[in-house]
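Labels run A, B and C following the written order; every chain starts at residue 1.
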């Protein structure tokens, strides 16, 4: 058999068996609208880039991490001090986690303000909202894994709040903690969730999200629809620009990891008093700060419970936005939603800052 | 522009493109190398393959003579391995419970002694004389093949 | 009902009441079966009532001894006080202070007797007591000195291991201080009364009374219990050396031993005080303001020079140790582990502790030897710290190499984009 071992030959062989031409056709024909708000199109990819970094560094950390209360802290210390470039992998993992959540929020708000959730992209929005919740869950579960004092007590407080939910609260708390208290059982549970359950769910929703984006293409904001915007080919124009962004993001991560290495702290000691200055990670800070401002009792409802309810309703509303914004269905701008959007952004930023000031 | 000029420009742009391509290609290759190198180093396990927290190989059979002791490191804490006259291995934390000096085995006294303030411990770790207020922590010793393995809880 | 029956029932009724009163009277007093305790417990005079009340707590009561074993008399006479207190039956009332040691020794020096109750108890307390200042004064007719009951209690005596006993370790200084801290009581003897107070704030007092370290000494450790006497001049360093063995050995081999003996100075006490011993500080060594060496040594003499040399060697060690500690901290904060760092630092810190004991050699060479050991360990640590900090620097170098590379790629990609798009426009 005369095998033609050229690039074209290899391609043809694979294509015949895997149907690669479907993908290559899609990429060749994919176009991205060029207008004032095109820059926001890059944010989804940035979030994806951070996610891929997390998967990569996460798998590497798995080679040395031990998910038990006795060995977790020491294993992370081992990674930081004994494993070559362990400090780099671990710090990048911690920084990229925060960067990913940051980009996810910005991506969400830009999509919201540009009304990219309009028909027929409702499911894209819903899968994206769920991905945001999943990334918050990733953050919360991952935070505990080094098993240090701050993480231990932050988890205690966080799961306590879970227990406040009426009816199912206690049950949820038991399931989250693997018992009554935060123990080694909690750690093992969080670990399983962090490396298996959440990745599985995230992969699923990510595939749905990405396939839908390819199917429907990039949404053009209502304001730009009047003009007939030029298009740039995805390959190579958009893709190369994406790559520039990713390269710069890599540079940022490496710099942050080297100049501000992520702290390890001291090993968790359940018997010691809670350290001063426990606080949740920044992406939960605004909720934490809000709960602090709600008075202990509002009419007959417990203040914390009211807070949780408000956030639950807010979260549900966020998921259902495409169905709530009637005007968007008719391709009309909606000042109310713009105001709400900006209002939420200001609220989150302000309360996060407040949380750190206090 | 004349055809000749256009051709010239095209040829120039080709060579410029070629130059850019080469440069781009080699810098990307360099970046990839700078990324892969640390990852490759990371995957290769270090000399000490795991954090010695609860178990450590203290010595090999034959390292110690009867009625002698040896200091070894347990993680970052000093520990003492003793081979008694009767041929039994005992292991203790070597941090004196008085002021944290490192204790030693005295073959003349046949028990453990701290040089700083004359503290004495028996071979069960109990503080028998001098200022130490508490006994030394006792560790488990097991001999596997010719390794002496010390475990602490 | 006829008159005979009525009369009988009234007699019966009165007899019944009478029996009930007697029985009731019986129940009011304690059912000890010991009429001494029973009777005295019901008395109104406090001085006579409290012994009966506290006696049930007494170890002797628990060992089934009773009042008559010390006081004599007859406990079986019911409530007949005269017959109970019959001198013919051996009743002696409350013994005088001068009689007490002999009274207690009657049992407590009897080996065969004590063996039956508690074989490990000593039986030579009387012997010791006679040799003590208290015992000698008592023999000369001084009734104001301590006897057995002054320290052990009278009717509520507890074993010495019972924390409520006045002679339990942590209570000893208070008990001794009852007399020795009382100005009025001690005036005839001309002894100062500030010992207990001084002891309370001394390092031994703080360790025993505040920190609960039962290894710390109290009055009886240095002065003895029953043979209480201040240690003689020649025995002070022996007494201190019971615990501070190294200090004693070094001191005894040092030039100060002979010098102090010649000058009639008390060994350890001259520099450290006795009841008021404080934590020794490094400032005590050397030729500075608070230093003790210059009390005797004049500027320029051998001792002065030696003191200055040792003080400066100690300072050098402390500075080097501080440097080592800082290096390790910096490295650790940057996330770099210092190989074996904390272990070697441990040894270096131990050398500082040993050095402070080694001062008692009062010999520059021997002192220097310990200091040099410590310096060597500290320098190893500093080396390791330097290497760790170097590692940290290498990370920066790596970054300085990687960032330009990344920026280069980003710039080249941008140029590539521009190039591609320009050529597309041309096409």
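The working rule: a residue touches a chain if its C-beta (ideal position, glycine included) is under 8 Å from a C-beta of that chain, and two chains touch if they have at least 3 such contacts.
Predicted model only: the values in this text are computed from it and were never measured.
Participant: Using mean Cα positions, find the chain sitting nearest the overall protein centre.
Facilitator: Closest to the centre of all protein C-alpha atoms: chain B.
Participant: So which chain is the furthest away from subunit B, centre to centre on CA atoms?
Facilitator: Using the mean of the C-alpha atoms as each chain's centre, the farthest one from subunit B is C.
Participant: What whole-number Å value describes the gap between the mean CA coordinates of subunit A and subunit C?
Facilitator: 61
Participant: Averaging only over C-alpha atoms, locate the centres of subunit A and subunit B and give their separation in whole Å.
Facilitator: The mean C-alpha positions of subunit A and subunit B differ by 36 Å.
Participant: Between subunit B and subunit C, what is the separation of their C-alpha centroids in Å?
Facilitator: Taking the average C-alpha coordinate of subunit B and of subunit C, the gap between them is 41 Å.
Participant: For subunit B, write out the residues touching at least two other chains, lowest number first.
Facilitator: In subunit B, 31 touch at least two other chains.
Participant: Of all the residues in subunit C, which ones touch at least 2 other chains?
Facilitator: 402, 406, 409, 413, 416
Participant: Would you pick out the residues of subunit A that each touch at least 2 other chains?
Facilitator: Expected reply: 77, 82, 88, 247, 250.
Participant: Taking the complex as given, what residues does subunit C use to touch subunit B?
Facilitator: 213, 215, 243-246, 340-343, 346-347, 349-350, 353-354, 357, 401-402, 405-406, 408-409, 412-413, 415-416, 419, 423
Participant: Inside the complex, what are the residues of subunit B that reach subunit A?
Facilitator: 31, 35, 38-39, 41-46, 48, 50-51, 53-54, 75
Participant: Quick one: which bits of subunit B touch subunit C in the complex? Just the residue numbers, please.
Facilitator: 13, 16-17, 20-21, 23-24, 27-28, 30-31, 34, 73, 76-78, 95, 99-102, 115-118, 130-131, 133
Participant: Quick one: which bits of subunit C touch subunit A in the complex? Just the residue numbers, please.
Facilitator: So the residues of subunit C touching subunit A come out as 334-337, 395-396, 398-399, 402-403, 406-407, 409-410, 413-414, 416-417, 420-421.
Participant: With touch defined as at the start, can you tell me which subunit A residues reach subunit B in the complex?
Facilitator: Contact set of subunit A toward subunit B: 60, 63, 70-71, 74-75, 77-78, 82-86, 88-89, 247, 250.
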